[in-house]
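Next come two complexes built around chain A: one with chain B, the other with chain C.
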Partner chain A sequence: MSDSIGMPRVRVATTSLAGCFGCHMSFLDMDERLFELVKVVEFDRSPLTDIKHCGPCDIGLIEGGVCNAENVHVLREFRRNCKTLVAVGACAINGGLPAQRNHLDLGDCLQQVYVKRDGIEEGGVPDDPELPLLLDRVHPIHEVVRVDYFIPGCPPSGEAIWKFLTDLIGGRTPRLAHPLLRFD
Partner chain B sequence: MQDAERIAAQAVERHRREPSQLLQILVETQDGIGHLPAASLTRIADLLDLPRSRVEGVAGFYSFLYTEPVGRYRILFSDNIIDRMLGSRGLMESLCRRLEVAPGEVSAGGAASVDTTSCTGMGDQGPAILVNGLAVTRLDEGRVERIASLVRAGTPLVEWPAEYFRVDDNIRRRGALLGEDFVPGAALQAAMARGRQGWLEEMRISGLRGRGGAGFTTAVKWLACRDAPGTDKVVVCNADEGEPGTFKDRVLLASQAERIFEGMTLAAWATGARQGLLYLRGEYRYLLKHLRAVLALRRAVGLLGARILGEGGFDFDIDIHLGAGAYVCGEETALLESLEGKRGTPRIRPPFPVTHGYLGRPTVVNNVETLAKTTLIALQGGAAFAATGTPQSTGTKLLSISGDCAYPGVYEYPFGVTIEHVLEDCGAHDPQVVQVGGASGVTIAGHEFHRRIAFEDVPTAGAFMVFDGRRDPFEMARNFVHFFAHESCGFCTPCRVGTALLKGYMDKLASGKGAKMDLADIEWLDRLLKNASHCGLGSSAPNPVIDTLIKFRPAYERRLVSLDFKPAFDLDAALETARRMTGRDDPAAHLDWREEV
Partner chain C sequence: MGGKFLFDGRPVPFEEGQTILQAARAAGHYIPHLCWHPDFPPHGSCKLCIVKVGGRHVSSCALPARDGMEVESNTPEINGERRALLQMLFVEGNHFCPSCEKSGNCQLQALAYELDMSSARFAHFYPDRPVDASHPDVLLDFNRCIFCELCVRASRDVDHKGVFALTDRGIRKHLVVNAESGRLADTDFAVSDRAADICPVGVILHKRVGFALPIGERKYDEASICTVAMEKGE
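Up next, the complex of A and B:
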């Protein structure tokens, strides 16, 4: 990692789709290693930079599953621009918590929340074009685009993300072994 | 409910409260009630002093056991690719329409349920169904119409036309085994005249190898069992012929039962076993009566029981156990588990069954055909047996031939016969693909028809399915993948999840949504299944895919849309509910597939 003088820095983009930003918090949990990381990495679109659209990148880290049309657009933008796309955490890999709605009918959900709920007087399902439409089911990201790597965990630890990224940047096939490989 | 408990209790008592008889107890309880209500399982668990979960676990494992009510007529369509080629799917739709029932469900009033099942071993006279466990063959639109009215009228099965239940042997070519008459006891007398050691020596000279597929040398197995510590040895005949496309054991059980039982007795003579068990697949239940009658006859003439043929210390008898629809039980250790009344989960080997088999006792497990062949060795000697076939694959092999040929049926050939020779004999006019050895076997393309049926070239347990130019090798492979996903016992994750994923990929390709990426994933899954599965089911599950991907790759590639990746579902359609709920139809309310990366 330290042997990077003269090498172009690796460009990394991150985003959270239908996630809770917990995986991003875990990313920050690398603590002082972030200083090591920024020596070899520069960030493109990410909550860390507030860049709104992704440009050509080496690595894209995706947190969260795909629950609405906007998620699809963002995910496709990442896939188009990132050489390597990584599903980070339970929701990106399996749909996670948001996918708990998958056994319910979307129409019933919207009715219950926006029309029938106690205390709602003049209810109605929001129809502002600014709001992305919901998909009928929440999907893991590999069901919508090709995904190169998966880091399980809810969230994966900062240590796991660090190990994964340093492997990837160092040219080693990323390998997470116990205790870094976990699904909870 | 009290009725259910009473019926369950009677079944338990009939089997002397023996926990190893659990599967037989469940089968009989279901015979009396129609399904296995919760109360019956609780009662059985109490009486056998087993955990309730153990009983429910077994009831839930076998396809032919039902813990929920099913129709008074349970109709199961054999779903092998051969039945499908004969039109089973259309006939099933027709029957469902006539009975007003959806596949997999019970009709209103509970008269009938219609569903599919794995190959029922009637490939030479399909399409075939099972009605309440009994085989009905040669289905056509006329029979479907008649069956629908019999079901609607509630006619008991015994009053259905006997013709429906007729199962022909269709023996088309006879060799040493099928060509000669057999006098019960003659082989046994010959072997006993040689003494136990002399008999084993003849077996060794014969070079006989197991006909169930693995090809292990039978004499070595018998010797290992004989030399294993313990005096309570067991001989098991594996008649769980579940490999799709195989039916030669069915024909042997129907026409050569004396030879099979005599073969088991010959194994007992060699090993010193006193107990014999024949595990009959549930689909062949219609043979049970016949087999029991043959056993009774053999007991009556002193070929089974105490002091066989007057020989002091030679005591041996045979019981028949009935399976209940589980392909994995054809694997010998899963079969032993099933015989012990458990779920058919394969054991870890070693230890091997010859030292730790049925109830931990030294056990020989042999295929039906293997045991029948031992009678030839006893009568003619090992050298005469070894004179046919090839040096590494001695004797003859029965092939179950089905599919696109004029004369489907059972053919007996010396080992070493070429595939093209067989194709010519069975009247295959435009053969493009031959699947040898069943779903788990080898896919043979036209350029390989010169290859030979033998352990050292194309090994087979007996299935030989012929496909002509009208057929699609991809659909064949997809059918087999569905079969394995259904039959995976669920014990190990690579197989349980891997077969389900493989099925998903094949279905995705079939629906025209495949991409190059999917082929790479399929090949990765193939490797995973092959290397990480607990038993042969998982490791052979990808075989049809591996073979067809190599030999018929365009059958896959033409199904791909030329994209890097394509979702298996329609993203725009997934927004439909939200569009309807919001009344929106603006551009942002749609997802264009052309933007897919």
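Up next, the complex of A and C:
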């Protein structure tokens, strides 16, 4: 990627909704190419910057699906602010591991985990008002907002994320072909 | 009496009785498929092998080749329709690849790679399909069934046991086990059956061998399904 000192840098925001931060770890797996990337990219809201709210951005990377009310608010904030929104990883694309609860009753799940589980003496389902309300089902992000691109994988490799971002920033239509296109 | 037809503009010879898919494969051209298998008669249910002949959509696994036909297969239009079929299969079941033992060896997944499917596009159904782990050697995970009926056909026509069947219709269609209890353990199904090795996806799994092959060495990790399928004749 060419050095573009003096050029306005592309603003990128990232977040993890109902995810495990594995996709963010994979992002860091770009290793020394991160130095190349920060020459052309400036980070807005992201676990890397600790900025709490998203401002106007060029690219938003979303890891994880939508499992609670807070996820919905964050996702809508990203959609409002990002010109291009990208679903990163299995959970953002199809719900992934958290969506494995989707065929179960949410109340039963909470009872099983917080009340009936072995070793719990005085259990109770947490109901602190600080806790975001759970949705009855976990949704892929494209069921809640419009999504421009998808990077599958659990997680997608650093190589795949690098290929995608450099294509997008370079003005090429991003395309991940086999073997960078992976679902596992 | 054989002849020649045009496959994506290239001449392909055929012998009397050969289908478009068979003749194309014999000439080295891969056509995507899921329910078709070289050892079984055409089934024509998955529609992944659709091609356009004279402006009409046909199943290439079932239509006999005719002299002078003009067949379109590897075109943006047909591949787009194939991708939409795959996307519908993905949302209809629970295809959670990261936890599936078949991942990397799965034809559905490999075809999704081949046809550039980056998302399932539609809303997921998340159906409730409990697994059947009753059999000592084989696990059935119905979440991944694509209704190709290869296990039904293999068990009925090769093993002569009739262990599997599809029941109900439309969106309620599902795979069942032919036993009073509905459990695989209560049939004479054996791990050596043809039906135990025929599933193109991750429904019929041998126990105690899952994830034996590391990522990178699995069937479709490096080579694409079109290469593997033509090399191995499957």
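In the analysis below, the second predicted complex is superposed on the first by the 182 of 184 C-alpha atoms of A that agree within 3 Å, B and C clash if a C-alpha of one lies under 4 Å from a C-alpha of the other, contacts with A are read in each partner's own complex, and residues count from 1 in each chain.
In the analysis below, a contact is a pair of C-beta atoms (placed from the backbone, for glycine too) under 8 Å apart; a residue touches a chain by one contact, two chains touch by 3 or more.
Remember, predicted model here, so these are calculated numbers, not experimental data.
Q: State whether A:R175 touches chain B only (first), chain C only (second), both chains, or neither.
A: second
Q: After superposition on the shared chain, which partner residues are touched by A:L48: those of chain B (first), chain C (second), both, or neither?
A: neither
Q: Would you check which partner chain A:C20 touches, where first means chain B only, second means chain C only, and both and neither mean what they say?
A: neither
Q: Touch check for A:D127: first (chain B), second (chain C), both, or neither?
A: A:D127: touches chain B, not chain C.
Q: Under the stated touch criterion, which partner chain does A:R137 make contact with: chain B (first), chain C (second), both, or neither?
A: Both partners, chain B and chain C.
Q: Identify the partner contact of A:G96: answer first if only chain B is touched, second if only chain C is, both if each is, neither if none is.
A: second
Q: For A:F150 in the superposed arrangement: first (chain B), second (chain C), both or neither?
A: Once the two structures are laid over each other on A, A:F150 reaches chain C alone.
Q: Classify the contacts of A:M30 with the two partner chains as first (chain B alone), second (chain C alone), both, or neither.
A: In the superposition, A:M30 contacts neither chain B nor chain C.
Q: Scan A:F183 for contacts with chain B and chain C and give back first, second, both or neither.
A: So A:F183 only meets chain C here.
Q: Name the residues of chain A shared by its contacts with chain B and its contacts with chain C.
A: In chain A, positions 137, 143 sit in both the chain B and chain C interfaces.
Q: Going by the contact rule set out above, which residues of chain A touch chain C in the complex?
A: By the definition above, chain A touches chain C via 87, 90, 93-97, 99-100, 102-103, 137, 140, 142-143, 147, 149-152, 154, 175-179, 181-184.
Q: Applying the document's contact rule, which stretches of chain B touch chain A when the two form their complex?
A: For this pair, the touching residues of chain B are 517, 564-565, 567-569, 571, 574-584, 586, 588-591, 595-597.
Q: Which stretch or stretches of chain C touch chain A in the complex?
A: Interface residues on chain C, with respect to chain A: 90, 94-100, 103-104, 109, 112-114, 116, 118-121, 123-124, 126-129, 215, 220-222, 224.
Q: Show me the residue ranges of chain A that touch chain B in the complex, using the header's touch definition.
A: Of all residues in chain A, those touching chain B are 69, 72, 76, 79-80, 105-107, 110-111, 125-127, 129, 132-137, 139, 143-146.
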